[in-house]
């Protein structure tokens, strides 16, 4: 383990762990509610040092053939797999995720490393012979230079791995600022990449707060910023990065609806919804937080089956594999989630299953919220308009599929959505016309696999290109187009041969 | 002809020419210096009407199969070719371009229409079978909705055709605000697309000034903005569009250098430089405005050969095909260009060929500047740092190729560049390491063909994606990723067959 | 018109119509049963002359930039559209197709010309920077040289246009041997391409029989052969071409089944089946000739609805637009089709609608067969095993979808197939597991659009690559991979500059 | 080690080593000339058992998601790296390659495994929305079934890994028949893939002779055959496989020329030629066996520098890392190579460096030939026309580059070629016009990296598609195109909702 509870978690700069002791903040174990460690908050100078080291490492790394860069990723994948349990334990302690869930997250992160292993193929440019007589032209995708990632607490392993493996495989060097809430697993993963053979300085990690973020956003050596977090921050990041001449993709909040059609296989839908709504305590930007039932018959069946299915759900500490999901990240966040439930109730919705006061024996101070089901939610309610980010599933009742789709298209966010149906035409119409970036047909968490790309529409993503996958390659490279004509050759025509000096 | 000198040039909204008479401004014939027409300046309400009509036309156009959309482009190409002379005359009268140059511009515009004819192929998404057991996933590229283009005076036919044919072929509807300096050819071209069978409202043209621009930038129905112009405006457009939730690509200024290596075929280089520096009076963002000679021997040869070669160059009115280039766009711009020449001289450079007082018989009031060659320019001079946008070629002398490349990499702009050499290694090193988006090897104007993409680096382009070509397709579409699993089928397994109602 | 009834149809060689008068054979009007013209049958020498002219035209055409080659295709498309009625009349007279059907065929041919217009994009190679340190590698797709096409009577316009536009756009030159049964439209289309600006000798047409075919197959200047016809001939063509060192794709016969599921929209299915089974008298390799009904209930409904729907179907002469379909190609072929109907009956099937003795007033000698529906066909019947190629729809009854699929997978041919269902899972399972190259979901004639590729599986196609579309580009080009490293540059490092001779 | 000198090398069938004792043949250690082992020669029944097991394993493997199939390849790569020394020792003992050379071969094989790890990306199909109104179409690339590989002695590790990793990653199952001369490393590698988690029966290895080959070529369960060997056998394989309804790519012989231009960096060229001509004793299909010097001045310099540079070259046993290359594969082959040298001499060429009687102390019975340089070879000589496949470099002298290129274009083979020059135009002209599939610019062994494809032209390859890389994916899959339309949905429109049963 890199860190112990009595040390302060540092930064990874130029291949070494660096302490920047001026400022720090506690890291909690949300299952117990206790402080487990301190994390150093990087000063401007420390962040600038990280940038400088990335800048210094860039020229050599850029010239390293993609095949060699890929081979570092192959070894990285292997080390991630060998150390999976250790990583999951770190995630559990600081984030609260149950090990099975942490393992799922890690696996999705590894998928992105696997994708990055294919970088020689992915970087192929386009070659055109004879764009004019004896003139050829081709486009290359060159790395940007030093790029930065700013990542959220909810996926401390996966979301950073959406970014740095691909960015680095593309030939960039990287400065990562992970969440200060659960920094250990991220730092450890970065050390594994170092161990895999990455040259020092190519990946640097700085823990920190707004000081670190703003340094990254304004330093002109940073060429691009990838961000995942809430929409207001995403908007700030995007605007600031752009104003400072940087390329940016900033992913924000979500409110993901599932339409349950009358012809759906209802048992299957209920089963799928459970994991999608309550997994990871709903602290996922792809969490399915609203079920839109078409017709009261479907709604009644859905609610009653959900209520029954939720009974065995178990919330508890990360260390017990039999738990279904763990605490939320902080006490403040727990209160906020509980507040949304109460506000729903006050606004006239029916709290069918109430998780506001969960009993978790032996973990009285943990930040727990139980699985909650709220029926008869309406679009005007604040709890509908905003992202709850907790283990709360809201049910909205509508009369027609068109009405259900309108609801989704009118919402501020457009991250993920899903329809449950058996009908080919309904599915096709839905996937075509819905204003959402990631669409599931009977798939409640339609997170694209690593070789497709992740991205919401509307105010769920700021930027032109989606995260990871093919769009990620495009984001982390810039196009250069070369047009070439050779003047008539003395050498070929024998001139220089016939009259050598 | 759509317009005559006594009428005011209007707007194309919903397939009809609309007059918005409140405000107008004169359009000059720069060859004579006289006002030839008036152009209406659209009010906010008129622009909003254009947006509304584009919005109304969107749903049907989006659903029109790409093959059908392409067929409108096929007919458009044909009409552009049939009316080429008329278009070139319009360009000549208002912009000042000689017909051969206008024809070249138009041809490059038509190339982009040809590319758009291939939209069924270009819109293909990525399909993955079995991303999980019996789960399939695919990515589609869907249109954005209503998009806008804001285009400069220097290519009234070509630059708009970088934008709207592809945007429209992708399924978007369009509002174009062309330059108010030379609006006639652009408007006429738009009418030809209408004639080609485009449904009314899919393409709308509003002439105007900052009022029109700001309306486009802030109206929330506009989903994306493409801009070509100067860097300060590009930066404003980009920031404002982004702040208003729009996708944007904004192309700005340039200072394009050619390195002339000692082994270059000097006669060929001189020949190429002439057209690249003085064609279209240097009013091109890809104009070659700086020649960097490596070694004094190469520099001396280059300057003396250029001086000789410039003697027969003829500046004059657009209507005389024997002229090499025409006037600049306005009297103010002429004064600005002349100012840069004088400033070079004052700063210590040598004006080898002086075009400040050209004689153009019969066109005393035209906005002419003659071809100008300035030797011994240095990087500190204002005339080197800024874009002159006139028929002025500056020569900078350096001792090594590295020095030449450093000069280019240090410049604010990174649009185009070129090297003249016979040597494979020098060319490869240059194209690899130069911080410029469009690179020529013995090609002085490396404008990518329509099936590649156009874009500078550094402060020559704001945005992630280049203009037209494959990047254009990506810019005018958004990615949607669908993940699909079908629940076990009663139909297939005979259940519903065995127990029909 | 190129030909009149009293002349002999010649060959197009080097841009001119050439007569090779030694041997000829009659061309019939199948609506009247009368001979309308003679067609010359090329001797070996004439075919060799065509090959020689194509060989001579190759070097210049290969070097013509793809963009210029594409522009010939743009003009060709325009000429095809302008002369569509004339082409359709030619097809009708010699093939018997009703004008609406001929127009459909022509349109599909034009689609392939449109696809070929995109050749600059389609020919892009793959470019890799730094496959090793300072070593780059790229793949180009170069043309093959002279290639040949051998095409069948049933689509005299479309099938040749699957081949030569794309082959020629790729930079090849072409010798086409169309069907000698209906050669006029093909020859005329070739002349239009000439008129569109194709250099002489790039496309040559030879009419002929086995002499011509064998000359093409054995002449070593021919680098590739595309063939469409029956399976035994396809197999001969493929083996002979391969043995003579040629690339070959040879498309053969078909027996296309539609599965009608119990949940299908039966009225829709019936409606679709009519056109798919009887259009063009069933003389299509994609004709839907077997309906497999799952369950007797579906079978009974299907047969009774088909019987009803077939009542208004009208067979007759090509010249009457109100006819649904026309005669078959020859008297012999009529007898063969009638023989299959009788054989079905003899083998125990039920002829529900009998077209063996159609009455076509005023056309007593035309080669007509009426629309025929045969129920209770079984897999052992000869009429099931073989391709009928006439207006005959057979119904096979099965109990389960698995049984229906097994039937299809066991058949010798695997060209096209279709399922009628509303169920997503059934459709997905079918399209995944069926051993057929072109699959329709509620689409009875799943002919891929021009930007996909056409090809059956099993004994319906010999070769690795499908026809037209992306596979067509790959078929008509060969890959060349170049790996490049430049030795250290005296020029760049100043050596040759410092010490010039 | 799988095998010891006293056992007979068996076959890998269904995950187990199987002995088929009826027939066997000796395996030599070519460094000592002694028999080291016996290899079993599979009977028809044994090969059919391997095919049957592959057939049985196919359905489940086909359905395994590509991501899972890729993960087996990730583990396989790791095992290959961990066991590299062992594999190289096996190669050395049976083939005679020095360890550094064997390691290079293995590395190239591993590259192909790395490429196969990217199969989820590589298998993406093409998706088109709205090919018609509400009709979508997409193309999938489905596996073929059971496919076979037949591989040569000269790369017992690499060439099999050109084939089975990619074929298997595509979803096929495989029967490999490696060379019976050096079977141990191949068999061991196959066992490693098993150990990596490949399900039993997916990869099977049969050792054998013509009996095994012919069984593979004629068994109808085999869907495709990949072959690498000599041209006469390649031609037989191709014809036989095709006649039996199989897809086939058969790679044959080569005669690879390097043009040395007068402007070449001569020391660099000489240095490159040494390894390319004599590495692996010239037993490579990409060996550079002919240097074409342009001009006597270049020729004289080349020959004298080569003669000097060849002095320290050391031929000897595989076990001594200081040796440059080892023995040839058999005594018969040694005699054949020596015969070609003598025949050159008899035909009038000059044997400048003579390797016919090399002294290898302690290895008197090894099959050694020393590095040989022959000047003044002419195109009429048998030793020029045929592939020598030994450590022999021939020099041909010509006067012009055109003459050099004509020589290459006239040769039967067109596998690889190279030019040494500094001149951009000469390189471009050469790479464009040379009739050879793999071209080097100052790269003497232009073997494409694994993410491009390997293939010669003319009689060096029979088939449409090249080996490995993108063409390999295409070869091991077949295209299926699906066109889908859903009939109007009762579910969506509320019909079935409004009127439930």
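Here the chain labels run A, B, C and D in written order, and each chain numbers its own residues starting at 1.
Going forward, contacts are C-beta pairs under 8 Å (C-beta built on N, C-alpha and C of every residue); 3 or more make two chains touch, one makes a residue touch a chain.
Note that the structure is a prediction, hence the values are computed from the model and not measured.
Trainee: Since chain A and chain D are copies that touch, just let me know if over half of their interface numbering is common to both, same, or not, different.
Mentor: Result for this pair: same.
Trainee: Which chain's mean C-alpha position is the greatest distance from chain A's?
Mentor: Of all chains, C has its centre farthest from that of chain A.
Trainee: From the mean C-alpha coordinate of chain C to that of chain D, what's the distance rounded to whole Å?
Mentor: Once rounded, the distance between the two centres reads 36 Å.
Trainee: What's the distance between the Cα centroids of chain A and chain D, rounded to whole Å?
Mentor: Chain centroid spacing, chain A to chain D, equals 42 Å.
Trainee: Nearest whole angstrom, what separates the Cα centre of chain A from the Cα centre of chain C?
Mentor: Computed value for the inter-centroid distance: 48 Å.
Trainee: Where does chain D touch two or more other chains at once, residue-wise?
Mentor: As it turns out, chain D has residues touching two or more other chains at 67, 120, 124, 126, 128-129, 131, 139, 421-425, 427, 441, 449, 451, 484, 486-489.
Trainee: Within the complex, which stretch of chain B touches chain A?
Mentor: 126, 128, 131, 135, 137-139, 238-239, 242-243, 245, 247, 265, 268, 422, 427, 431, 436-443, 446-449, 451-455, 457, 459, 462-466, 470-471, 474-475, 478-489
Trainee: Which stretch or stretches of chain B touch chain D in the complex?
Mentor: Interface residues on the chain B side: 63-67, 120, 123-133, 138-140, 142, 421-425, 427, 441, 501.
Trainee: Which residues of chain C touch chain B once you look at their complex with the stated criterion?
Mentor: 67, 70-71, 74, 77-78, 111, 114-115, 117-118, 120-122, 124, 129, 134, 136, 261-263, 294-295, 297, 400-401, 421-426, 428-429, 432, 449-451, 484, 486-492, 494, 496-497, 500
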